[in-house]
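Just below sit the structures, each encoded as structure tokens.
The same chain A turns up in both complexes below, where it pairs with chain B and then with chain C.
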Partner chain A sequence: MGEVGPMREEGKISAYQAMVYQVSIVLATAILFVPAITAKHAKQDAWISVIIACFFGSLQVYTAVSLARRFPDASVVQYAPLILGKVPGKVVGFVYLFYFFYVGYFVLQEFSALMCSSYMPRTPPIVFMLVLSLLAVYAAYGGLEVICRMSSIVLTVVLATMVLVVLLIIKDIKIWRFLPALENGLGPILLGAIPPGGWFGETAVLLMLYPFIDNKEKVVKTSFLAILILFIAMEMVVIGAVGLVGPTEAACFLFPTFNMARLIKLEALPILERQDALFMMIWVAGMLIKLTTFFFAGVLGLAQWLNVKDYRPLILPSMAIMMALAVQAWENIAELFAFSGEVFPLTIIFVNFIITIFLLITAGIRHISTRKA
Partner chain B sequence: MLLNVLLILTGFAVIIAIELPRLLRQKLYRETIAFFVLIAIGITLSLGQALQLPIPNVTKGIEAITRPLFKAIEKILSP
Partner chain C sequence: MKRRMLIILVLLICLNAGCWDLREVEDLGYVMAMAIDSGPQGKIRLIAQVPNPRVLGGGQRGGITPGASIAAKPYRNYEGTGSTIFDALREISRESSRRLFFAQNRTLIFSEAMAEKGVGGVLDFLKRSVEIRHGLTMVFVARGDPAKILDIPNPHATVPALRIDDIVRWRGQTSRFAPVPLSRFLETLSLEGQEPYAGVIEAAFNPAAQVREGEKAALEPPLTLRLTGAALFRNDRMVGFLDETETRGLLWVLNEVKGGQIVFPCPGQEGKKATIEILRANAKIEPEITEDGIIMTVKIREEGNLVEVEGPLDTSKPEVIKELDRLHAAAIGNEVMAAVYKAQELGSDAFGFGEAFRRKFPREWKKIKRDWPEIFPGIEVRVQVVAHIRRMGMTGKPPFLAP
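Here is the complex of A and B:
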């Protein structure tokens, strides 16, 4: 097993920095898409869906951490062949690394879709993709520690802004909009829990980051803390969106959280009204972090999959492929939305949960582990 | 269309100009092969779209497998 190990010294991050990663990658897309998608199925019970999704997310991240702990010095792309044998392991490794690129180009499309539909309708979408991906390339050249510090700063501002927006609309939230509870039974609530459940599962990106974490004994704790922070943030936007405009309208908006920020009305302090510009600013930064993290994980995985020593030469060609895939994948924003509500959550649950738990069980049965006792 | 093709080829030429000298100087042959395979995939995908050739769409493939599954789940869970 001599070849398994960190490819080269990419620096170390702490468990808390990994937590910042886990929170910021989910937050960037989830706060925007979860209210509309969840409210569409679960209506006024969307907040219950988020609770269920939170438990499912905890299960997924715990599965991922349990698997990662068996192989402290390697990433999932490296140890999948140890668990399943050479060829099946390489196939599973490829599924993981494709998944990282898949989320990456999905993020690129989401980003350009929002910028085109809400802010700059006359700019071609490819311009937004190019700008965001060049920034991600730049960050990926910097390496893991650079991306980490950048995330910490961005996340602080993101969370502060979210709390500000929610505090400003809290007086306009009407409790009766959440009634009657459980109108159509549990089915729609479970259906509404699938997309946020999938997003919570993205915290399993830890499978790639684990070898670089310094204080590994804290990872279980910080992962659950990440889920908790995400849960609170998602509840805030779901309750905010549904309580402010009602479930039907929340489901009709493309981006309810944005409209929420636009609906801020404050006679005493008009300067705080219409915070959507501020919101866009932090959201762009959040999207950049998300894209960078998944892109970095993908390129690193690709380098490990191909057994090359340095991932850096692969950065630019991978980004070119990712952009080509992003342009090819969806023709318009309606297709992208149908995809993000129906197809995307199931595919990421498949990778983050089904494959991960399959690897964990196989490793458990075959007693495969590189951990020193 | 011609402009698109030209822009795409320029983009890839820039990428090669940035990375190739360093790869050859450091004698990273395995990396160089991987680099060119990725470039080839990238050129195929992007030129294929620019020239509107029938190239496989991975995302549509994923969608074709997953959407029926979602519809089935939706049917079970709907009231």
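Here is the complex of A and C:
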């Protein structure tokens, strides 16, 4: 076992920059898919599902923070062997870093799915994947500080545009589409809460970022703030999509948020109609930061797992593998959607919650910590 | 070195704009209206109206007279037949010099035959297509051949599709026809306790086209476009029409009355009438379960301005206004009841009474939802209207009543 400590200088980020990272890593795909996936089970109560998911997400991020605090100078990939012993620890570490690549190639596929379905059907999907991943590679070379600063700018624009889109449809949102509440009891609502709950759990990326954070005492606060921002964003699109076309239709569309942007109708100001392009902008920018954050966390984890001093030589090979995985993974959009609704949330909950809490409990029982008293 | 790289990159942006899906505006034929008819042997007949920008931009008054040459027409109606709607679309493309583009389409017309056969299959295509905008496309059922309707000349809005669009825009002038956005049509189709409706469009005789004595021939076109009433559906099949009064009855309940006129008998003198212009209205359905069955109470609040009084009424007196309030509330109630009776007769719950019931009594709804089509014609509907006249124009009394 080598000594545990931060790798070659990756820069320092503030707790708020970590928060931006946490929000970026969840936002883009969640806002696009959350209405359809939750409304499928929870129908008009999808908004309640998001509240429940938010609590579940808070629990997950709190677990992650508790674990990270025990090892202030290392990432989870580095200290998992300390907790579990060398071989099991390395296995768990690999599960963590593979999770980042796994979501990464899932994101690539989702990105090309929407771009090909709605904007550019003739363009081969590989082009979208390539363009996005090259940008992510470029950002990864820049390092953590660069990614955080880029995300702050992009995120501000994305959130502001989302608010604008929702403001434009707010007059067409009808309260009666949310009635009757709790028509089929709690079961479907809980079922609908699982996928967004998984997404909220992605904020556990903090386990990788923690050693680089400057003002560690603020992390609990900023993590919950990240959850809150995500909660507001998800509620906006869920209430928007369900309140605009009703739960049955919202569940039926593959990209309800995209449809929501298309349904903007202002007879007084037609210039503000047809905001597909605006939505496309949010979507591409959001997906870029999402991919970058996942990819960077994955490459960083891989370097730590291999005990390599610098992660940069691993960037291009990792991206090549990710692209290959993305291309072969799903044959058609039906598979992709079935996967993202049923399999995907459970796998990410397994990594972000089950493994994390298992590590936390084991570390607690064995009194393992590198924190200076 | 860095600067050279930058220049190359900027140049690359110019070269790479648009990718594979680049489409030039000049290459697109913007479909402004499409009509879907059922053809022989289960085929689908499609009409797509594409404006001709050369004539539109040239300021010519094309298409006023039916005999005008095709070159002067500011639009072209492409017509094709195919086994499915997409098949028909691609058949049309063999005639068109431009790629037909549907994102600007605002009018969707089903022929009566098509609507009666069921529009579900066609709707699937419209829902899947990324070019069709559900919020901007208005759904209609045509009485008569849609090809004929889409070819009615007019000097003002020379493209019939644009004319329809404008008429829809001013629907609040009467609220006597019921255009519905495709998104809403699809939503009501997906609901268990509500059936879809659509506007009705027809080619009507143009009263201005009469040949008067001593004139050679009318310059007016013989037909005119008319948006009138509503078509009611059960699931995706049309079951019948509402007339104009009944249509507004439906629109009252659906909260879609944006304005219009109410004419009712004026008190004081037999045969005289008074007219109200509707300002705003608001309706609510309140379901109840009683021992005798389900009762739906429709509560409507309306505000309007008095615009015309024929009888000798001193409208400056508050009690007279009260009386007029009562009378025009009754007129609104009659419109609603006429619509309800007709819809119950046709067996189409376009009002969403079932949905209102589901929202209030979700448990009971589960028991009866399967039988709702049989229950709906028998439910009791009550209407309570509170109507207020707020203002009365620039005069307090009719002219002949001045002291």
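Throughout what follows, the second predicted complex is superposed on the first by the 371 of 373 C-alpha atoms of A that agree within 3 Å, B and C clash if a C-alpha of one lies under 4 Å from a C-alpha of the other, contacts with A are read in each partner's own complex, and residues count from 1 in each chain.
What we mean here is this: contacts are C-beta pairs under 8 Å (C-beta built on N, C-alpha and C of every residue); 3 or more make two chains touch, one makes a residue touch a chain.
Predicted, not measured: the structure shown is a model, and the values here were computed from it.
Trainee: Regarding the shared-chain residue A:Leu346, is it in contact with chain B (first), chain C (second), both, or neither?
Mentor: A:Leu346 sits against chain B, while chain C stays out of touch.
Trainee: Which partner does A:Pro88 reach: the first (chain B), the second (chain C), both, or neither?
Mentor: A:Pro88 contacts neither chain B nor chain C.
Trainee: Regarding the shared-chain residue A:Gly11, is it in contact with chain B (first), chain C (second), both, or neither?
Mentor: Neither chain B nor chain C is touched by A:Gly11.
Trainee: Check the residue A:Gly185 against both partner chains and state whether it touches chain B (first), chain C (second), both, or neither.
Mentor: The first partner, chain B, only.
Trainee: Looking at the overlay, does A:Asp310 come into contact with chain B only (first), chain C only (second), both, or neither?
Mentor: Once the two structures are laid over each other on A, A:Asp310 reaches chain B alone.
Trainee: For a test of understanding, state which residues of chain A touch chain C in their complex under the given definition.
Mentor: That would be residues 117-124, 127, 176, 179-180, 183, 244-246, 248-249, 252, 259, 262-265, 267, 273-274 of chain A.
Trainee: Can you list the residues on chain A that touch chain B in the complex?
Mentor: Within the complex, chain A contacts chain B at residues 102, 184-185, 187-188, 190-191, 194, 303, 306-310, 313-314, 316-318, 320-321, 323-325, 327-330, 339, 342-343, 346-347.
Trainee: In the complex, go through chain B and note every residue touching chain A.
Mentor: By the definition above, chain B touches chain A via 11-12, 15, 18-19, 22-23, 28, 30-32, 34-35, 38-39, 41-42, 45-46, 49, 55, 57-60, 62-63, 66-67, 69-71, 73-74, 76-79.
Trainee: In their shared complex, at which residues does chain C touch chain A?
Mentor: Its residues touching chain A are 19-21, 130, 133-136, 169, 181, 183, 186-187, 190-191, 358-360, 362.
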